[in-house]
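Heads up, there are several structures right after this.
Next, two complexes with subunit A in common: one pairs it with subunit B, the other with subunit C.
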Partner chain A sequence: MILKPQTLDIRIILHFLGKIVLGFGVMMVLPVVVSIMFGEIVPVVDFAIGFVASISTGTLCILLARLDKHMEMSWMHGMVVVSFGWLVCMFLGAIPLYLSGHWQSFLDACFESMSGLATTGLTLVQDLDHLSHGANFWRHLMMFLGGQGIVVVALSFLVKGGSGAFRMYVGEGRDEKILPNVVETAKFIWLVSLVYFGLGTLLLVLCGYFSVGLSLREAIFHGACIFMAAFDTGGFSPQSQSIIYYQSWLFEFCTIIVMVWGAINFNLHYAIWNGKRRELWKDVEIRTFMITLSLMTLLAAIALVKGHVYGDLASLGRRGLYQIISAHTTTGFSTIYSQQFMLEWKSLALLAIILAMGMGASICSTTGGIKMLRIGLIGKAFREDIKRFLMPDSSVVSTKFHHLKDMFLDDKLVRSAALMTIVYVLVYLFGTAAACFAGYPLLESLFESTSAAGNVGLSCGITQVGMPAFLKGVYILQMWAGRLEFISILVLGGFIVSYIRGK
Partner chain B sequence: MNQIRNVANIIVGICFEMVFAAAIVLWGLVICLAAFLIYR
Partner chain C sequence: MKQRLSFCLAVVVVFLALGRWCEAASSQELIAEAKLFDGARVMYDGEVIGEVLARGDHAWINVYDGNNAVSVWVPAALLEKIRHTGGYKYAGDRVRLHGIFHRSCPEHGGTLDIHAQDLLVVEPGQPVIEDLSSEKILILVVLLGVLICLLMGRIFWMRRAHK
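After this line comes the complex of A and B, so read on.
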């Protein structure tokens, strides 16, 4: 028998949902400041409407569901709050975008909002080059908030610590605590992000001003936006031409530096910042990342050179290598036009980029995809099995790996890594089937689906305003599921079923 | 004294991560060069 959720469950969920929405709404003040700085009046009104909608929704939720001291949050509550919270934030974040008039429908604005929050970077905006600075900043800010985690924002400022806070933190696709207290962990994630924000933005502003030739005001705007998109491995850019717009190898190089910072596990940042620099070489995630990145670069380089796509090393580096690093860190910045993937790149190079997108980078970072730790563990398990066949029957084979500390590989870890990998692959295939159903060719469908579910944002041309509405819905679902790593969304599904069918 | 050491550690750590990212680009370029020389 399925048990129907009680009023108490709804109250707990609504209370914490209200806090998350409140935190999200407060952030809408920042694009208002940007709009005022650039002398834009109309966007201020759009954001005022979005702000009022968010604050009133959050306040209403909290007022409707006051909590007593004895009310404890369970795993189910935490997971439902997170997955439902992301959906609500998607709708609220889409309001000022839709009001700007640059999105054809509210569905398109929701697509953009989820793409931003899930740090994907696929876009349905029309005439991006004439979008107001305020709305453009909001797209990038949503990436910054989603990359760190909307729950992390709420935990840092609005929610007290405790088991409930940890349950929401896990629900957002992060199961590694950096510090014993989850609120302290959330604050450390913000510390790292803000320190890098200062440094990375300065780097990009200097490049934009001296190397690209932007005015100081535009250099600051572009520097801040590109930093947020690069560090949170999102991939939005203030101009429709992505990184091609800047026409500067130095700017491209700086964006790679920021993308790699974003692809590193926050736990590793913590270790390195505490003087344990050797952790970077010892960690199984970084080692796996180096191996897969080398392999994918080699595959793509061979295909591009053999196919005479790029005639010199500089072009191969600035186009081929850049795309592979952007795909592997799941950022989605591009130095070629989306149609060039299908028209110029050969199948082997496309395969390399699809594999890179699918694998992703570090756990507990801002990246998407399967993640390097899981790939590394599965690889080690394979090696252990082969070793077992080669050794005498009586020998005991055990494998050690280093991830923040030395650990022994056990079946439970391998099972959970393999399960998650299978789920990711199934979701990639689900999106591929949906696009094929809509009439797109197989390779393009696989490319776009992997990009959406891996939260990458590179596009081969399928994602555009004219694509079928149901495919937009499928990609929204994939981006949402890929970012939250499925569990909390499945729990939300179970919660809805038990509410409808439970007794 | 501890505070100064902590800040110094953070600065060195950030530089270290920056060098790591630059090394990734260099390593990628070496692979591209190898592919270029062999398959050109």
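After this line comes the complex of A and C, so read on.
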């Protein structure tokens, strides 16, 4: 028998949902400031509408909940709040974008909003090069908020700590606390992000001003936007040409540093902050990342050299290796046009980039995809099994690995890693099937689907304003599910079913 | 007769070469047929967007033709013609340029670019006047009214809860 959720369950969910929406709405003040700084009037009104709509929605939720005292959340509440909260934020975040007139429909604006929040980077914007600074900043800020986690924003300022807060934190696709208290963890994530924001933006501003040739004002704007998109492995860019616009190897190199830095587990950032730099080289995630990155680079390089796609080493590095790093960190910056993937890259190079996108980078970072820890554990389990066959029957085989601390590989860990990997692969295939159904070729469909569900943002040209509306919906679903790592969305589905069919 | 034939053939070859030498191309054609256009002299039209990115005696400009923007490597002498670049507040100068197209430029790290040889501003850029619609103001006022009502409701409920 399915139990129907009680009114109290809904009130608890509404209360915390309201707080998340309030936190999200307050952030719309920042693009207003940017618009004022650049003397843009209409975007101020667009964001004022978005701000008031968000604050009204948040207040309405809290008012409807009418919780007199602090209530602890169950796992179900936490998961539903997070998954539903992301959907509500997608709609609210899309309002100022749609009002700017640069998105053909509200669905397109929602696509952009989810792509930003989920740090994907696929875009349906029209005439991006004439978009206001305010709206452009909002696209990038959504990546920053979504990358650190909308719940992390709310946890830092609006929600009291406790087990309920931890349940929301887990629901957002993070299962490792950095500090014992989840609110302290959220605050640490923001502290790290803001310090890196300052340093990274400064690096990119200097590079943009001296190397690229941007004016100081634009260098600051581009530096901030590109940092948010790179550190949060998002992939939006202020200009339609992505990184091609800058035509500077130094700028490309700086974005690689920020992308890779953003792809590292926040726990490792914490270790580095505490002077434990050796952790960086010992951790199984980093080691797996180095191995897979080398393999994918080698595969792509062989294919591109054999196909005479790029004539020299510098071109191969800047056009070939760059895309692989961008794909593997699930950022989505590009130094080639999206059509060039299918027109010029050979099948083996495409396979390398699809694999890189599908695998992703670190757990508890802003990257998408299967994640390196899972790949590493599955690899170690394979090695252990082979070892077991080679050893005498009576021998005991055990495998140790280092992830923040020394651990033994057990079946439970491997099972969990394998399950998540299977789910990711199924979601990649689901999107591929949907695109094939819409009439796109298999390879293109697989590329785009992996990019959407892995929250990468590289496109081979399918993601366009003219693509079928149902495919836009599928990609929104994939981006949402990929970012939250499925569990909270499945719980939301279960909650809706139990509400309808429960007794 | 043979001489005449040879002459005609030569004329045809020269015309074909000239045609190949300077083809009008859109960004979509340049990207899709990059191998075909590689090394050819092309004519490309579009709006200058972003900023002029100065690099010594040359600069990069990005020219948008309605589908994609293509990077163009321009000698400083030609840059004086460009007055406005496109952005939120300006429609940039529309330029027509001739230059050598590279699918993967060996001089610039394999980028797809055009090395401009001459450049003409066909339509000067101009400021874009912002259009604030009254509908947006109306929506904002209505939403503000809703928000005030909600906040009053919240204050009322909080006072009741305290009692």
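The rule is simple: the second predicted complex is superposed on the first by the 500 of 503 C-alpha atoms of A that agree within 3 Å, B and C clash if a C-alpha of one lies under 4 Å from a C-alpha of the other, contacts with A are read in each partner's own complex, and residues count from 1 in each chain.
Simple rule for what comes next: a residue touches a chain if its C-beta (ideal position, glycine included) is under 8 Å from a C-beta of that chain, and two chains touch if they have at least 3 such contacts.
Predicted model, so just to flag it, every value in this text is computed and none were measured.
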item	value
Partner chain in contact with A:425 - subunit B first, subunit C second, else both or neither	neither
In the superposition, subunit B vs subunit C on subunit A residues touched	C
Contacts of A:316 with subunit B and subunit C, given as first, second, both or neither	both
First (subunit B), second (subunit C), both or neither touched by A:37	neither
Touching partner for A:199 - first (subunit B), second (subunit C), both, neither	first
Partner chain(s) touched by A:301 [first = subunit B, second = subunit C, both, neither]	first
Which of subunit B and subunit C A:133 touches, first, second, both or neither	second
Which superposed partner A:274 touches (first subunit B, second subunit C, both, neither)	first
First (subunit B), second (subunit C), both or neither touched by A:247	second
Residues of subunit A that lie at the interface with subunit B and also at the interface with subunit C	316-317
Subunit C - residues contacting subunit A, complex	31-32, 34, 49-55, 59-60, 62, 64, 68-69, 71, 86-89, 91, 103-104, 106, 108-113, 128, 130-132, 136-137, 139-140, 143-144, 146-147, 150-151, 153-154, 157, 161
Subunit B partner contacts - residues on subunit A that touch it in the complex	195-196, 199, 253, 256-257, 259-261, 264, 269, 272-275, 277, 280, 290, 293-294, 297-298, 301-302, 305-306, 313, 316-317, 320-321, 324-325
In the complex, subunit A residues that touch subunit C	38-42, 45-46, 48-49, 52-53, 55-56, 59-60, 62-63, 66, 68, 99, 129-133, 212-215, 218, 239-241, 244-247, 249, 309-312, 314-319, 335-337, 339-340, 343-344
Touching residues on subunit B, where the partner in the complex is subunit A	9-10, 12-14, 16-18, 20-22, 24-25, 27-29, 31-36, 39-40
